[in-house]
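Heads up, there are several structures right after this.
Two complexes come next, and they have one chain in common, subunit A, joined by subunit B in the first and subunit C in the second.
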Partner chain A sequence: MSRGRTRVGRGIMLAALILFATAPLLLLLVTSLARGWFHPQVVPAAVDVRAWGELFTDAARRGALVNSLVLGVATACIATLLALPLGRAAALGTKGVRRIVALLAFGAVAMPPVALGIGLQLTVLTMGLGGSLRGVLFAHLVPAVGYLTLVFLGVFTQWDSHLEEAAATLGATGRERWTLVLLPLLRRPIADALALGFLVSWAQVALTLLVGGGAVRTLPLDVLAMLQSGQDQRAAAGALALTIPALVVLGAARVAARNTTAVVA
Partner chain B sequence: MSLEVRGLAMQFGDARVGAPGMPHTMASTKALRAPGAATRADVPADAPSGLRDITFSVNGADCLAVLGVSGSGKSSLLRTMAGLQPRAAGLIRVCGRDVTALPPEQRSVVYLHQEPVLFPHRSVIDNVAFPLQVRGIAPREAGRRATEWLARLQVDELASRMPQQLSGGQRHRVALARALCAEPAVLLLDEPLASLDPAVRRDVGDALQVARRASGAAMVLVTHDLDDALAIATHIMTLGHGLQTALDTPDALLAAPPSLSVARLLGIYAELAGELIETAAGTTFRWAGGTVPSAETTASRARGAAVACVRAHDVHLQRCDASGILIDDPRAPRLTVVGRRDGVSEAWITLRDAAGANIGVRTGSGTDVRIGDGVQVTLRHARIFSPD
Partner chain C sequence: MNFMSTRPAIVSRALPLLMAGALLGVPIVVGVGYLVAGTLGIVGNAAPGGLQRALTDGAVLRSAALSLWVASAGTVIALLGALVVALCFGDEARDSRVARRIAALPLPVPTVAAAVAILLLLSQGGWLSRVAMRLQMIATPSEFPALVNDPLAIGVIVAVVWKELPFLLLVALSLQSLRGVALSDAARTLGATRLQTLRIITLPLLVRGMVPSIIAVFVFVLGSLELAMVLAPSSPLALPLLIQERRQALDMASHGEAYVIALLATVLALLAAVAHEWLRDDP
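On to the complex of A and B.
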């Protein structure tokens, strides 16, 4: 095949990829601005930003947005705090311990959300947290800790333990080894873990629905409800709003990691 | 600055059991003295296999080289002294203070890994100032002292670089500067010259000499290379079969290795099989190439099968003349040169005796013998041991 044809083929592939990635988002954007746009109309009857405004002005919608943000941030922080030492202990432990931890973490990630949700619903109800934000947070933590434990298990499996040994014999206490050596070197994996933890919670529907019992409203649940009730414009605005924090969090994680020396990730 | 180790025992990865009842040589010197009787009794009967009965002391500015084959527990010994690995028994004192139960950061013992471990997120100057930072020394003063050590090791121009921007030799020097900046009482070096190319090896070797003189720390260096040990150490200890097998100054050890295994470990002797016999002149070593009178041997036993260890400069090869008459000693057996391999300063000559057996000897590379020559071999000095 000639070089020219290869280049054309590559261009077509790239264009198709961009189209697949952006077309749904463009359609969502148009829908979120279009009022009364029904089949077979080619263009909407009217265009406005009402649905976007309601995201922030409507109290119920704002509450759902705040709940989503609170759950996302709390899940990211708590899951990272739990998964980091867990992944480290597993990586530095015996092969048996490593396998068990990896299996449990993978189980929490791989289990179908509905099955996990039903199991967690019973647990949360027993704990007296059914229908509460704390109960939903607990439920979100299960897959998030699973994901992040796998992340940190990978990180610490490749970790150079000589760094800590060197620091120790140079006089650094356990706390100083964490603050002066480990944490600075782990900035990138920690940033990635926070982003991943946030996104696991942010996109969660099944667990929120089953454990929250409809009493805890989050943005994804609101979007689903609007879609089911035919409020396409609002649903589209909500769906797009769901992608914004995800992009912001990923971007922030990249920026935070940019100046970090990548020794482990 | 001093390090004292008594009856230390530890387990290590691919452990070999210390042979029970095997004595360990303890040739004491003034600077390096076994500080007490052997402490085998301190080791529980069910102690894990590995090293045991390790006893020595190193004074400030002295350097003890620990020689042993791969897997003999050299690195484990260092790691145990640094507090990075548990011990099964024994005592470790630094400057007279018992540090056996202390964590690594409280021992004043710095351990340098074989591959220099620099913190990749800190610049060279920040790496070197690290031990001062954790001691709470003001940043300006820490920076001044760190710069001073970098200058002593001739890498001060690298202060602002990151570790990833350094060459292998520079990394070694920076790691050494950082270790010395910690002002340790004891500096432990794990094969610092291994895996370095010759130029860098010399460079790092020089830096270690500077470090030894400038710091006053007691140094322990593990290596499997005698040249490395001779370049830096003031004393040598050998390990074998899970035990300490020799401890002496380099000169004393090379002149009189205490056992065949130590001689083999030093790797500078040719081994000649033969026997010790009684003659009118006294005990004589007889081998395929002739006899070595008692005046030229140091025998550890009386009679029977024996092995002579001879250094290259003590082996003299004399070619037969054209008529086949041996020049030096007409009674000595004639051997035939069947192989020759030349090194920088030595030649490895393979000889064949009348019975067809091959014998390998080392000699100076200037030896004027060729394959096919008939030769007479004279041994000037030989250490005689029982065969294994």
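On to the complex of A and C.
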């Protein structure tokens, strides 16, 4: 009797959890495909994919999508290149060094984006990059490098350096140790870092708004603009377009985690 | 032999600090420095005296209270939800694996997308309102309770819980798997009931391990602009929106207040960063 009750309780909890996690996403999907879905209709009367098509055919929306992609890819690559050596150098340092670097990295992540953006705006304007894609990229790099430094600090704190030592003993140069030992072993953490760096930039609103000064339109800003002008269908399509790469990245990271044999972190 | 110990000690200390200083410290120092200069009226066309005005301005205090309320309530509810799910579905049963996978779905959803989804669900013209009308629970959309842009910021809190519960759940599950069941088993062997084991052993250990993540969620919510833009009330404004409003005001005195509020929010975030680092385990 008690076991039966437990099973029913778990079933109810599981159903509630499924509803909680999926309902908002399903609603986004239905809204993005619904034509003229007015209150009090519970189910849309007609389906159309116009809002999805516009993401690629409308010049302004396509421009926003392209800007987001360019910023995401550039942020991911540059932040990974900067954070990997920083995380490694910090992990090999003393506990005090690790703490200071982790503190700075978390500080860059934790600073309210609006406050960080005000300071970065000055820097970007001084560099002559105000309202440009390069200026926004510079701004996105600050939290991205913070996040990725924390990732690589974690990776290298638990790093087993025996293989590097063996390679060095066998005469490998510093460069050979990087290319033949470290980078192949770091494939998964680097892939994770690229994904995370992309997502930090991909979802960024406040820094783009402040440093871009309205001249750089990205997909999240486009979604907000659509929402504020009452275009729910377009806003929902944009919001899902923002979500799909993020879900793909999460899925890919899980598959990589299952398939990888060189788990370091 | 540690391979890297061949590097001179001064280099292994100075190199990471120099790199961290250049890549992370400079933007933070410039950001904070600009806010301090703005507070003092040196830059940004701000009239001096912003600090005193901001600290005595009722609107600023109400905004701070709203932001702190949203961050606290959202974090606590997400934490409770994560603990319940972790304790109920932390085992290796098939439905537990399904539950964990489903619960993780909102994790990678960008905040702005989460805000749009919650708006479409909870607003007076949203889907729940339509269902309530179909069920004849309400006659007009305005009879549906205001759950979005409402004074208690319920919409923001729901969005925070939806978005952050999976993150805290992930942390709770990994802590559970690291901790194992040895302590709980020992307590049960010594005669503790299941409830006592949960209250005295399991929950305190889990929550203690989760403190850095709880701080991270709290700070993130406190500074989130997009949640406030879409779901928060227009009076009082959430702190990030108030900073924006004061900065864009025509009145120069308001500019100074914007820098003060941004500086206070930054100090709070940096204190949280110190607490986070203090409480984080570093082997």
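Assume the second predicted complex is superposed on the first by the 253 of 265 C-alpha atoms of A that agree within 3 Å, B and C clash if a C-alpha of one lies under 4 Å from a C-alpha of the other, contacts with A are read in each partner's own complex, and residues count from 1 in each chain.
The rule is simple: a contact is a pair of C-beta atoms (placed from the backbone, for glycine too) under 8 Å apart; a residue touches a chain by one contact, two chains touch by 3 or more.
Being a predicted model, the structure only gives us computed values, none of them experimental.
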Touching partner for A:214 - first (subunit B), second (subunit C), both, neither: neither
Subunit B versus subunit C as contact partner of A:23, first or second or both or neither: second
Touching partner for A:101 - first (subunit B), second (subunit C), both, neither: second
Partner chain in contact with A:171 - subunit B first, subunit C second, else both or neither: first
Touched partner set for A:146, first subunit B, second subunit C, both or neither: second
Partner chain in contact with A:181 - subunit B first, subunit C second, else both or neither: first
Greater subunit A contact set [subunit C / subunit B]: C
Partner chain(s) touched by A:53 [first = subunit B, second = subunit C, both, neither]: neither
Subunit B versus subunit C as contact partner of A:86, first or second or both or neither: second
Contacts on subunit A seen with subunit B and repeated with subunit C across the two complexes: 165, 168
Parts of subunit A lying in touch with subunit C, wherever the complex brings them together: 10-11, 13-14, 17-18, 20-25, 27-28, 31, 39-42, 82-83, 85-86, 89-90, 92-95, 97-116, 118-120, 122-123, 142, 145-146, 149, 157-158, 161, 164-165, 168, 199, 202-203, 205-206, 209, 220, 223-224, 227, 232, 235-236, 239-240, 242-243, 246-247, 249-250
Residues of subunit A touching subunit B in the complex: 160, 162-163, 165-173, 176, 180-181, 184-185, 260-261, 263
Subunit A partner contacts - residues on subunit B that touch it in the complex: 82-84, 103-105, 107, 109-111, 113, 115, 117, 119-121, 130-131, 133-135, 162, 164, 178-179, 182
Subunit C residues within the subunit A interface of the complex: 1-4, 7, 12-13, 15-17, 19-21, 23-25, 27-28, 30-35, 38, 43, 84-85, 88-89, 95, 98-99, 102-114, 116-121, 125, 127, 129-131, 133-134, 141, 162, 166, 216, 219-220, 222-226, 229-230, 239-240, 243-244, 247, 258-259, 262-263, 265-266, 269-270, 272-274, 276-277, 280, 282-283
